[in-house]
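In the two assemblies presented below, chain A is common to both, partnered first by chain B and then by chain C.
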Partner chain A sequence: MSIQSRAKSKNISHGNREKRSMMFWGWMLIAPTLIGLLILNIIPVIQTLIMSFQNVSTFGESTWVFFDNYKRLFEDPKFWLSLKNTLLYGIIQVPITVALSTLAAVLLNQKIKGVEVYRVIYFLPMIAAPAAVAMVWRWMYSSDYGLINSFLKFLGFSGNIEWLYNPQVVIWSLIIVGIWSNVGYNMILLLSGLQEIPKSYYEAADLDGAGTVQQFFKITLPLLTPQLFFVLVTSIISAFQVFDLIFVMFEATNPALSKVQSLVYQFYNETFILDDKGYGAAIVIILVVLIMIVTVIQLIGQKKWVNYD
Partner chain B sequence: MKKENWKKIFSAFLLSLSLFLVGCNNGEETSKQAEITYSIWDPVQLPGMQAVAKVFNEQQDDVHVNVEVTPWEQYWTKLESSAKGGKMPDIFWMHSNEIAKYSEGQVLMDLSEVIETSDEIDFSLFPEELVELYTDGDEQLGIPKDYSTIGLWYNKDLFDQAGIDYPDETWTWDTLLDAAIELTDQEKGIYGFLAPLNREEGYHNFIYQNGGEVLSDDKKQSGFRNPATVEAVQWYVDLSIKYGVSPTAGEFSDNSDMSYFQAGRAAMSLFGSWMTAEIASNENSNEFADVAVLPAGEERASIFNGLANSISADTPHPEAAIEFLEFLSSEEGMILQGKEGGAIPALKGADVSFTEAYPQFNTEVFIEQMDYREIKPYSKYTVRWEYEENDDLIPVFFGDVTVEEVSEQLADNVERILETE
Partner chain C sequence: MAEIKLENIHKRYDNAEDDAVTDFNLEVEDNEFIVFVGPSGCGKSTTLRMIAGLEEITEGDLYIDDDVVNDVAPKDRDIAMVFQNYALYPHMTVFDNMAFGLKLRKMPKNEIKERVDHAAEMLGLTDLLDRKPAALSGGQRQRVALGRAVVRSPKVFLMDEPLSNLDAKLRVHMRTEIAKLHEKLETTMIYVTHDQTEAMTLADRIVIMEAGVIQQVGSPFEVYNSPNNAFVASFIGSPAMNLNEVTYRDGRITGNGIDLVVSAPSKKALDNQGYEGKTIIFGIRPEDIHTEQIALDASPETVVESTITVAELTGAESILYLDVDGTEIIAVVDARDYHETGSKLEVAFNMNKAHFFDKETEHVIR
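This part shows the complex of A and B:
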């Protein structure tokens, strides 16, 4: 071996060692997160999948029942009702939330006095604990003494809406709280998107004589699509997972509960109240599949409307 | 970044990790004194339990008891996962809804030997239904801690205003209904009686008073095939649907039965003995409330139930836990518990200490009703059939269908669960 080639091979092995040590440190550094993800998310997901094919015994041996839990699901009218409620909630709550948060973001992107104060006010529902939010709304919805019915009476309406137990109304009561508590968070995300749009575009549009409305639809909206897409995806996922609001606002003896009960609520009930963990796992697996399908459709669909330039 | 820096960061990480682990390890014994945990779910009963633990801790030096409250909603989830991980509290409360699961899982200590050899525990003085409830074969898995019956609470002010005599032991269903009709004042939003969709503090009492049953004795059949059961539930539902002397099930989702009562908007309501503390804690209801025995139907009956203290099968301190359990179940411990007024002590003779905590109420009726007590219906999967029963009765409480019309379906659903037991 010539001196040159020896030097070269030494170089290579040195490079390899460095690469390997880089790899090592790379893994070391993501280890805390990775271990956390594995223990807290990935392993439980796999366990849930396994449990959905079992008749789970709390302390003893679980027995394999294969697709029995799923078969039972498809024959369970409560499951279909929960699925319907979940979809209805998502289909109505998400578009309204996204539209309102876009509107709020655009308005709060203006130069108004005390804009920070408004931003804080809109964001507050996000900071408040969902259970507390639901509790306060429960008081406001009270048909006898509630703030909302009193206000409706003040405006001259009859004000006797049974927000919390009329089977036709309850889903709307839930949707209203869902919108109220999510607008602020989405607004902040969209606001950050708005602030990335160069001012010069608007100046140029002004010179060309475009009005505010035209500017909104021709400049703001197209350039906001990446943030809108993100907001849409996360909103749908969280809407399909609605649980805490229902849990606090509607008690187990509420006669109208079946009209708001979501898939996650049914999962909670079957798993932790009725102690049927296999069946509960099957419900939640269906929900995961549902969310995955909707998200994949959105990822494919985004190519048509999201503008990344 | 240089390699040296990574090393520093890594060693800092390791250092903090080891500190964390050392911190975790602190639970190890530091002295010879055995620290044991007594886990309960009811914050209202915390003072009573702490009073017992305090006296026990002062009496001897070997064992120190810490009382830990976990709210009902999280209590069972926590107990279950701690049982699976072999880290159960040393001694804890057990409930009739859950005992079957824990007994099957064999995670509770068999106490029969303890009871036989103990000088402190006289097992004949505990209600036999409760003893049986916490028995599995020849294993005794819990010692009854307290019992509860249901009373007819009423608002003295509203009775005085209407000029009606207070409820007493002469009352029947008819007296109750007549008085409730008279006491109802729709303009003022005052109801004569509260009849929510509630089993233990509601229609189950009336079922047994009518000679009906919730489950058959062999726990294989639902009592809703029995006309007496159907009749009693229909009578109860009619209080809100037909006579309008009670808010409807829907209105109860706006305001709970307790808030109606404490706000002075209800003349009468059924509440369990465990609610006494709640009624006494409100200034108004403490003034205007009192309690009587339940009215008689075909016969007299009051649903009765009780908790037990159980010990973990694999506690590292079995002797310490047993010693504390003996104290809890002794007359001294029972009286200490009763005096705080959280619950009625299970031990015969010590139960009167509960009534001494509430001189303002006629709480003796709770003990009196033990003469015609009816154990809260239970089987292995109590929660599951209770859920079905509740679900099938919802349209009935809406007034859409009668009890008769759903009874067949309800019985089928309940029996489907009983079959799996």
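This part shows the complex of A and C:
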């Protein structure tokens, strides 16, 4: 072997060793996340999927029942009611929340005195524990001594709305709390988007003759679409997963519960109260599929309305 | 088509101690091309933005034609502005960017199309109308920004450093484009730049500003050849005018390695205004320093010995950095005379072109 080619082959083996060591450290550094993801997310998802095709008994023995759980599900009126409640909650809560968040973000993007204080106030619901939030709202919704009915009475209404027990009203009570809890967080996300819009666009629009309202619809809104899209996707996902508010606001014996019970609530009930893990698993798999379909539709639909520079 | 008058305009920002613009007075004639020039922070952009209505006027009156427009909204001033970063709406096509202002003014669709097409043709944008700004080069964006202003046929065009984001070659090209545009449109234009070459080449009149105060208003020829003060003298022209402190006595200036006889008109002015025996600032432009034998022979009393520290060849000319007894003097000479770094050189000062400024006020002595 000539000196030259020996040097060359040495170089190659040296290069391989370096490459291998880089690979090793690369894997080592992402290992914690990867292992966490595997144990906490991926394995449970697969287990749940398997479980949804099984009948799992109290003591853990499981028998394959294939699509029986799903068949049962589609014949279960309680499931259809939960699905309807979940969809209704998502369809009404999300648009109102996004609209109010946008409005709040635009208002809190103005030069007003004490704007930081307002931003904190709007964000507070986000840092409060959902259970605590639900407890406070439960108290406010109380038909006899609740703040809301007292206030309605003060305004001259009859003020005897059964916020937590009237089957016609309960879903709206839940939606109101849902909106209140989520506006602050979404507002912060949208506010960051608003602050990225250069001032010169508004100055150019000023000279072009656009008023405040036209500027909002022609400049602000189109340039805020990447953030709006993100907020919309995450809001729908979290709305479809609503559980804690229902769990705390409506006790299990509440006769109106069936009118607010969501898919996740029913899953909880079937799995941990009635101990039918296979059936519960089938419910969440349906929910996952539902969320996936809606998200994919949104991902495709975004091409029509989201502006990326 | 409009005249603009700025009368005792002041601008002071909230929480600021000093005026950003102080007592600005200017009458801009119809169809005139005015350039505001000065170093960063001199108040030129602020003044332009006050004319546009994007910045409030703290004090003074702004007239467009015969109306005071201090409190008129930007959109009602019939003004178009080209921004430094172009401010093209990223979510709209080139066509929509240009048509936006017209749509808002409820112009009929066919007229909008006609105007946009016409402007696009004028600016070479016809093939780009369906593109979004992100898919355009810097020069193309620049032209769209101009087009957006052109389609409105406004009374006044304002341009805030429109070429500063372009590379050097494109900048020169767009400079001539803007000059042509002004010829075609016959509109009043006010243009802000920190580049004195742009100012000199484009302007009918130049407004030179420093620290919020107008230093001089005049044609490029005037501000170059008869600067009002040492700031204008040093700011306009490249390389800058040589300015050195000297003492004036008996028709001679001495000091900083210089010992020269002043011209008769200068002597008269200096004597009349009592500068005998005083320190003054002597200014001479690099091109008024000569190396040709004929110049040396013609006025031996203005010849000075020097050493060349650096010689830069720019093509047709050479820029010579000369050491005259410890003082650096810059001369621009014909490149055909070869000059070697480190060699000795005799140079003649054309004292008929010399400028003298008061040492304290820096005002010109004429």
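Here, the second predicted complex is superposed on the first by the 291 of 309 C-alpha atoms of A that agree within 3 Å, B and C clash if a C-alpha of one lies under 4 Å from a C-alpha of the other, contacts with A are read in each partner's own complex, and residues count from 1 in each chain.
By definition in this document, a residue touches a chain if its C-beta (ideal position, glycine included) is under 8 Å from a C-beta of that chain, and two chains touch if they have at least 3 such contacts.
No experiment lies behind these values; they were computed from the predicted model shown.
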{"item": "Partner chain(s) touched by A:Ile219 [first = chain B, second = chain C, both, neither]", "value": "second"}
{"item": "Touched partner set for A:Pro198, first chain B, second chain C, both or neither", "value": "second"}
{"item": "Which of chain B and chain C A:Asp275 touches, first, second, both or neither", "value": "first"}
{"item": "Between chain B and chain C, more extensive residue contact with chain A", "value": "B"}
{"item": "First, second, both or neither for A:Leu164, with chain B first and chain C second", "value": "first"}
{"item": "Partner chain in contact with A:Asp206 - chain B first, chain C second, else both or neither", "value": "second"}
{"item": "Touched partner set for A:Asp68, first chain B, second chain C, both or neither", "value": "neither"}
{"item": "Chain B versus chain C as contact partner of A:Asp244, first or second or both or neither", "value": "neither"}
{"item": "Overlapping contact positions on chain A, where the chain C interface meets the chain B interface", "value": "none"}
{"item": "Touch list for chain B against partner chain A, complex", "value": "6, 10, 76-77, 80, 83-84, 101-102, 104-107, 189, 196-198, 249-255, 381, 383-384, 387, 390, 394-395, 397-398"}
{"item": "Complex contacts: residues of chain C adjacent to chain A", "value": "52-54, 73-75, 79-81, 83, 85, 87, 89-91, 100-101, 104-105, 134, 148, 152"}
{"item": "Partner chain C, residues of chain A touching it in the complex", "value": "198, 200-201, 203-210, 214, 218-219, 222-223, 225, 307, 309"}
{"item": "Residue ranges of chain A in contact with chain B within the complex", "value": "25, 28, 58-60, 141-144, 146, 162, 164-166, 250-256, 258, 269, 272-276"}
